[in-house]
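Please read the structure below before turning to the comments.
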Amino acid sequence: MSQRVDQSLVREVEKFGKGSWNECFHCGNCTAICPLTEEGFLFPRKSYRAMQMGLKQTLASGLEPWLCYYCGDCSTSCPRDANPGETMMILRRYLTSVYDWTGLSKKFYTSHWWEFIFVLILAVIMVILFGFINPNPVDYTLTAEGSVRINAMFPIKWVELGDWAMAILVASLLISNILRMWYKTVIQDKSVKVSLFSYIREFYLLVVHFITQKRFSKCEDKNYWLSHWFLMTGYSIMFAVIVVWLPWFQTEKVYLWYEPQRLLGYYATFGLLFGLIVAGVGRIRKKGVKFRFSHISDWLFIVMLFLTTVTGILVHIFRINGMVEATYISYIVHMAVLVPMVIVEVPFSKWSHLAYRPFAVYFANLKKSGQPVKASVQS
Amino acid sequence: MEEVKIGVYVCWCGTNIAKMVDVEEVAKEIGKYPNVVIARDYKYMCSDPGQELIINDIKKLGLNRVVVSACSPRIHELTFRKALEKAGLNPYLFEMANIREQDSWVHTDRVEATRKAKDLVRAALHKVLFHEPLSERTVEINPATLVIGGGIAGMSAALEIAGAGKKVYLVEKMESLGGMMARLDLTFPGLESARDNLQLTVARVMKDPNIEVYTNTVIRDIFGYVGNFECIISPNFKEDISLQFGNVVVATGLKTFDPSVIPEYKYGQLPDIYTSHEFEGMLTSGRIVRKDGRPPENVAIIHCVGSRNRNYHEYCSRVCCMTALKYANQLRSALPEANIFEIYADMRAMGKGCEELYSLSSRRKIMFLMFDQQGPLPVIRKAGSRDKCDYLITLQEKLSGQDIEVPADMVILMVGTEAREDAKEVAHQVGISMCGNAFFIEKHPKLDPVATTTNGVYIVGSCQGPKDIPDSISQARAAAARILGTIAQGSVTVEVTTANVNEELCCGCQTCIKVCPYTAISFKEEEKVSFVNEILCKGCGTCGSACPTGAITCRHFTDRQLINQIEGLMRMDVEPELKEV
Amino acid sequence: MENKPKLKLAVYWGAACGGCCVSVLDVHEALFDVIAAADLVFWPIALDFKYKDVEAMPDKHIDITLFNGAVRNSENENMARLLRQKSNILIAYGSCAHMGGIPGLANMYDKASLFRRVYIESESTVNENGTLPQPRYEVPEGVLTIPEFYNDVRTLDQVVPVDYYLPGCPPQTERLVEVFMAVVKGEALPPPGSVVGAREKTLCEECDRKKSDNKVIKKIYRPWEIYDDGETCFLEQGVICLGPATRGGCGARCIKGNSPCRGCYGPPSESIDPGAKMMSALATMIDAKEPEEVEKILEDLADPSGTFYRCSIPASLLRRKMIT
Amino acid sequence: MAGDKTTGIIFYHPDAAFYQSDAYAAIRDYAAGLPGVRSVIDGLEVDLSCLDTLASVIKKHDPARVVIAGVMPGLIKSAVARVLSETGKDPGNIRLVDWSVLHGLNGQWLELTKAMLASAVAGMMPEECLIPSRHPVHPDTLVIGGGIAGIQASLEVADAGRNVILVEKSGTIGGHMAMFDKTFPTLDCAACILTPKMVEVGQHSMIDLLTCTEVEAVTGVPGDYTVSLLKRARRVNLATCIGCGTCAEKCPRTAPSEFDALTTHRKAIYIPFPQAVPNKYLIDPAHCTYVENGKCGVCVKVCPVPDCINLDEKDQRTEIKVGNIIVATGFQVFDAARVPQYGYGKFPNVLTSLEFERLVNAAGPTGGNITFRSQDKKGNWIFKGDSDTPSRVGIIHCVGSRDENHHPYCSKVCCMYSLKLAHLVKEKLPQASVYEYFIDMRAFGKGYEEFYERIKEEGVHIIRGRTAKVEERNGKLMMRSEDILNDRLIEQEVDMVILAVGLEPREDAAALAASLGISRSNDGWFAETNRCLEPSTTFTGGISIAGVCQGPKDIPDTVAQASAAAARVLQSLVSGEIAGSIKAVGLQTVEDQIKNK
Amino acid sequence: MEFQPKIIAFLCNWCSYTGADLAGTSRIKYAPNIRVIRVMCSGRVDPTFVLKSFTEGADGVLICGCHPGDCHYHEGNYKCLRRYHLLVKYIEQMGIRPERLRLEWVSASEGKIFAEIVNEMVQTVKALGPSEVKTVVETLT
């Protein structure tokens, strides 16, 4: 079935970031130099091409943008300065909006105001919630160890409840988007039929890729992978301890440095800081192709995550040193950054790649192991 | 007949020859032959004293044949011929034996090398015996030039020649000058005004007192040869005029391919499908609209129409890719919102500034779609009412590997170029040949791209093969250079060692006529003999060996000379003797 | 004319078919002029003279000898020498004396193989003992001799010096009469070694067929393989005709009989080999550029030596097949 | 006409910053003051790429005729034409003034731009107004560069009986063409057709051939140039050297042979190649022991001709007078080491096309055997005739060309020569597989497309897809490419890779352009006066350009252009006068011309 | 003493003769049995010359011309090719080994190839032994 070419798609995608849409003369250099591309999943050129020609369906059903980890080799060696790497980045944003049924993702990506205001509203809500509606008076008493009694000030049970509510909201949004991704990329692709067994057999990939990001390590420059891995693991650990094990993690007792809470917390903090600094400095210096074109949404994510981390550190320092007001204020700020970040980024924006990436690897392997319905391309 | 007196000179070339060949022995042995008046060996024959030696011997001893045995004749034949001339002897009464490049330098056995040297010198001796004095011949050049075709190539050639103050007759079949370029709006890659540039050229031609322009004129007949051509023309199809000129420039250009023979493109069946040349008209008028007056929202440009496809023409028409890019840019500025599609095969943007135009076009939101010009061609069909466009073009897109359809309200077919219908007639008139594609054949595809095998006839511009404006102009001027060269000399020297027909022997079988690549041989109907036009002959000698009667002799390489040379080579053991002349 | 003594004329045949002698008879009414001017002193086919009679003649007794036939055996050679000695003018008469002629084709074989074929293998032969001719054979009555059969066929001039050549197979009788009458009238004789009774130009000149420059051979035909239109040059129809490389003078009689020229009049003066020029011309006409194509076209040319040297193998540069 | 203010001038420049420059202010002021100019529109006020604003501005000013001036004004011509035709005006009244052709004419740029504008406003072509003065012409012609372009131009002029001084930097004429094996698409051998021309130059009585000579400075006016030449010491007497080669036989020093693209070694005293013209020896001072430290002198001792070799010879400067100059300096090939991903210089069997051209040449280092590079005793990588032959050869197109990282332009000849090289591999090694990776196949000339088809039929694998990198894996070279037309990723194992390197301006092109006073285009090639009508003339009168130094081109186009350059020379020599420099024509003259019209 | 054949070579001026010169300037060594006759074009080589060479005692005849398509005179080498094939057929019929007559295309850059051809041909002819033509013709006269 022939698809209609459509120049409007370029205009549509353009809203997700500034690319060099027509520079490419299709020499295939980018695909050939990419260490991650493989038979059946040729990119970046083919994704670029689908976008250029306006082949919406091809694009939506493609997993390729998620298989790219943006090492930038393609862009560096591109003979036409067409920047295929950035195009893949933009396509990831576009696809995020394609999977998102709420339409918010598209709003956030294509309008900064939408995103800012949404974040701001959430932040204000948090400040109001923690700062003004909180019925507890400021508790100046310290624990025996001399730390601030934060759990008393902000009842941990309520916070945990809120945590869970937020997690469920975010997770359900994300899962529904992942299901849509699955539907568009696996089910709608009529060229392969995936058996149930494959779903089970390939499942480990999801886990492995989530934890190791080992595809990224196939890129030429291993440093990117390392810093990204630190960031990811730090983030994941932090996420897990504050959402799932909050009561265990956030107690009034001050743990000794070798106790797991402290170690996990420090590792996560280190991982986050290291990853964020590398990404941030890289972006400021525009060192390396992948940092050359930073979208505002990238910045927002980095800044909010950075602020969350910093405020978290401050809460920690203030708390163990018994600085009551500083602790409470920093905690409110921490919440005012963290919550909007999680709600905006996890299902609708940059963060979601943490989920889409391993799923893409998983789906790609499903497709590979699936029965070809017919030869898709003649040779 | 005067007695033959031969001087033989054997060169040492320092040690180059002497090391491997006993030159003294060679000279001694050759000296024994009758008619050999003197046989010397000398260190450097090519040096001034060496040449003096020969000159003095010619003068003192009355030598009338000279043999030098030294290096390759490709190096010093001319040197020694000049020495003979200096001594007052005809330079062709000379023969060279190559005992360096083909003897001393390639052998390791001194005895064998010396033997070989003797053979070679003896062979030269036998050959030179039959040498005849030959004289350089020249043809006077009529300084006027005929240029056939008033396109940019023809005009450029005319201007270049006229600029040197020489007469040019410029004959154009159509009503006005300009040819194909007159149809263009802009030129590629600079997007300059074709019209301005053309008008400038036409004005210069019309103003030039040395150019006589005949428009609306056909050439009835051309006869003659280099330097002395004549033609009959009929200006405005009225009474005939005869013109005399020394050289001819053929600049008849080409014509465009008729796309109605390609069923897929439905040219002539659907209203808004245009050839590139029709589209130029729209660009000039500033009105790019459909037949019903609405501007198109989708414009598709299809490349390689009639080119690079065995069903039509196998060759590439060279200019269409760049023209198509030019259109894309012009469309983009005239219709900023329109979707523009370039359906191309290979983007041939190879001239100076062309790749840059391609990349500029790429940046201007033009969708490039690649098809296989040899595979199934794109098909244009009428769109349905819900398609929001007039036509749909379906094709297999090669860069995405997908079957796609392209919406279009207007389709521009980049028609290829082909030789004109009357090319054969022109070729016949001026005596040049055509290749399989009916373009005229140049004398040498690399080093002589504008001359033809017929002396004094030059082909320039697209009649030789498709080309763009600057290349056509370069060719036109190249021809002008050649013509100005001959005019400056006033005459051309023609080959000395030509073929010649002995009419006493020629039986008129006409075997030789087709053998000659230069059409130098013609058949004289009255005498029933062949005739070599020695102005056209280049002296290859192929006719001489094709002639079954022996009527054709090839000067300086006659049967007798060569047979004698063979005898000289082989008869080493017999008593030294030379046949009497 | 009456005052002059009559010329003494001799005609002899070597290895020949007799056609040349018949061509002499073909003078018809001109015979009276000949008889009036000449006495025939020797002509084995018509008059009963013996060798002895010739031997008895003083040297240079005969004014003109027409020697036809090639030199095939010792008798031919001896007679050639004898007649040379007794004749003022020795004319090689006809293709065989001139160039070896049809008997010259035997130079494609050697004596042994010819004998084997003729005396042993040929279908009509019964020769159980395999007896072969012996030049000398002793019988009780004495020694029998027959001429010795040579290994090669030679032209007359390869045996003795020849004054003139009168080519043809057989020569056009008119040419003979012309030459003869010229001698009789005492006209200046051409330089010795000349070909007389033939033209300097080759046959095409007197051939009436339409000729053009369109000599392009895509396939070689034998005459019976095409429908000859009777008008167009044979070569242009793909049929090998030796006319372009063969002296004229015969009146293009073969051509008029719709048969291509076989070259009996021999090559023109500039050719040192009778067939090479024609081979060269013919090859030039072949319309092919690839070696395979050329070979393919040449496949139809089964017998180059028999085609281009039909009447002239002994006079060719190679003279015979190399059998060692 | 001057009375009515009917002309609107639109300035168009792709770079908006230009509108802020002083130069632009001067041009704009000048234009506004020209007679007949009604209004000036530019990118400061109007987004010229927006049709609507353009339309409203044009409607507001309502000019009867429009002059669009700037860089590539043709880009908006059709927009203006559309607006004019929609408002009922004649779109035929649009004039374009493209001053980008003046690129590089620093001093004269403003004057000439004004002149072009003035003439366009007056309804004339610049060429009609910029009428150079006429000068008497010196009968001699200088040709710079002895490649095929220089050879052709020299012969063209000399055959007309005019004196030519042909200056060549190296020791022989012949240029790059002499290094080639075959020429596409007819596959005739380059030496067969070139060497007779070289010999002709060497023996021509009207050509004064100066090898080892460079042009240092040019002064004077068209028709009467004084050229200072630097004659590098050849150290071998051209007149007496007999080319015997004894000296080279005994010379102890070697150096890479330029003619063999550095794939073989020659002696320090050498003939560039056996068919060199002049066929005389020369000394490479960079590698001569005597020149270095005054010791050695073996060549002098063994030379059979007395006083032929003079190791102490010094460079000389001379001056000559000429009327015309033809510049035919050619090109240099792109340095493949600049594309590190192809591993040139790292892997011995990654070669440039020029190296392969020598390798496959019957007169080359291996006598035409295609063999691997191997190390000699001194450790140099060289070609030897008896080494192994490759069974798989990859050819990569567009190395250094069509690449924003290097040269954005297309080198024009690489596609065709690559096809030719593929054919030569197939011809010499019928069993070998050849993989050719291209982007767009540019088979544009007469017989080229047919040649392309023929090569395909010969079984060469022709793959659309640029090779991204060449790596070594298990001792084999691995080429990684996308096979775009077959939707595959190819990792092709090969034994040898040929890099189709592009052409680039010679290193010394800038210096030469400066001394000649000619301009260069953005990419460094010498610039012609008018891209459309004047492919071989320059703004400096009496100086023509020919061949690749003007832009990449194939041999026939080079030859045609060389002849075209000669045509202009002959025109002046035959008529006895020469046109002066266009750039020397003052604005006043132009204005006078316009007034007189 | 080893049999030293004599081979007559007809070389065209533009490609093959230049190629043979190149062998010299490149100092490539080859067997000394070759005797070169220069003609302007291989199309000039008349079968008469070849036959004459054989009767004069040549043990082999080599004809060299420009490669197909390269002829300085456009098509002379094709004429030569056709004559060569006919000639080979003829001499074979006349009992001369066809190996004694050889046609090769040698370009101006193929000095080495020329040397190889010569060496190869000398080897071939040596193996065939002396040509019988001259002896046969001599015994007849």
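The chains carry the letters A, B, C, D and E, assigned in the order they are written, with residues numbered from 1 in each.
Quick note on the criterion: contacts are C-beta pairs under 8 Å (C-beta built on N, C-alpha and C of every residue); 3 or more make two chains touch, one makes a residue touch a chain.
Please read these numbers as outputs of a predicted model, since none were measured by experiment.
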Practice problem: Quickly list, by label, the chains bordering both chain A and chain C. | Solution: B
Quiz item: In terms of CA centroid distance, which chain is the most far removed from chain E?
Solution: A
Quiz item: What's the chain with its C-alpha centre farthest out from chain B?
Solution: A
Self-check item: Centroid spacing, where centroids are CA-atom means, of chain A and chain B in whole angstrom
Solution: 68
Practice problem: Using mean C-alpha positions as chain centres, tell me how far chain A is from chain E in Å, no decimals. | Solution: 81
Quiz item: From the C-alpha centre of chain B to that of chain E, how far is it in Å?
Solution: 31
Quiz item: When the C-alpha atoms of chain B and chain C are each averaged to a single point, how far apart are the two points in Å?
Solution: 51
Practice problem: Give me the residues of chain C that touch two or more other chains. | Solution: 271-272, 277, 280, 284
Exercise. Please set out, as single numbers or ranges, the residues of chain A touching at least two other chains.
Key: 25-26, 80, 377
Quiz item: Which chain E residues sit where two or more other chains touch them?
Solution: 18, 25, 27, 46-48, 52, 72, 79, 83
Exercise. Would you mind giving me the full set of chain pairs in touch?
Key: A-B, A-D, B-C, B-D, B-E, C-E, D-E
Quiz item: What does chain E use to touch chain C in their complex?
Solution: 46-48, 51-52, 54-55, 68, 78-79, 81-83, 85-87, 89-91, 93-96, 132-133, 135-137, 140-141
Exercise. In the complex, go through chain B and note every residue touching chain C.
Key: 502, 504-511, 513-515, 523, 528, 542, 545-551, 559, 563
Self-check item: For the chain E and chain D complex, residues of the former touching the latter
Solution: 14-15, 18, 22, 25-27, 66-67, 69-70, 72, 107-113
Quiz item: Along chain B, where are the residues that touch chain D in the complex?
Solution: 13-16, 44, 46-47, 74-75, 78, 156, 160, 163-166, 185-187, 189-197, 199-201, 203, 283-288, 307-308, 314-316, 318, 329-331, 333-334, 336, 346-356, 359, 372, 398-399, 401, 435, 439, 442, 444-450, 464-465, 469-471, 473-482, 484-489
Quiz item: Touching chain B in the complex: which residues of chain C?
Solution: 200-205, 211-216, 233, 235, 243-245, 248, 267-272, 277-278, 280-281, 284-285
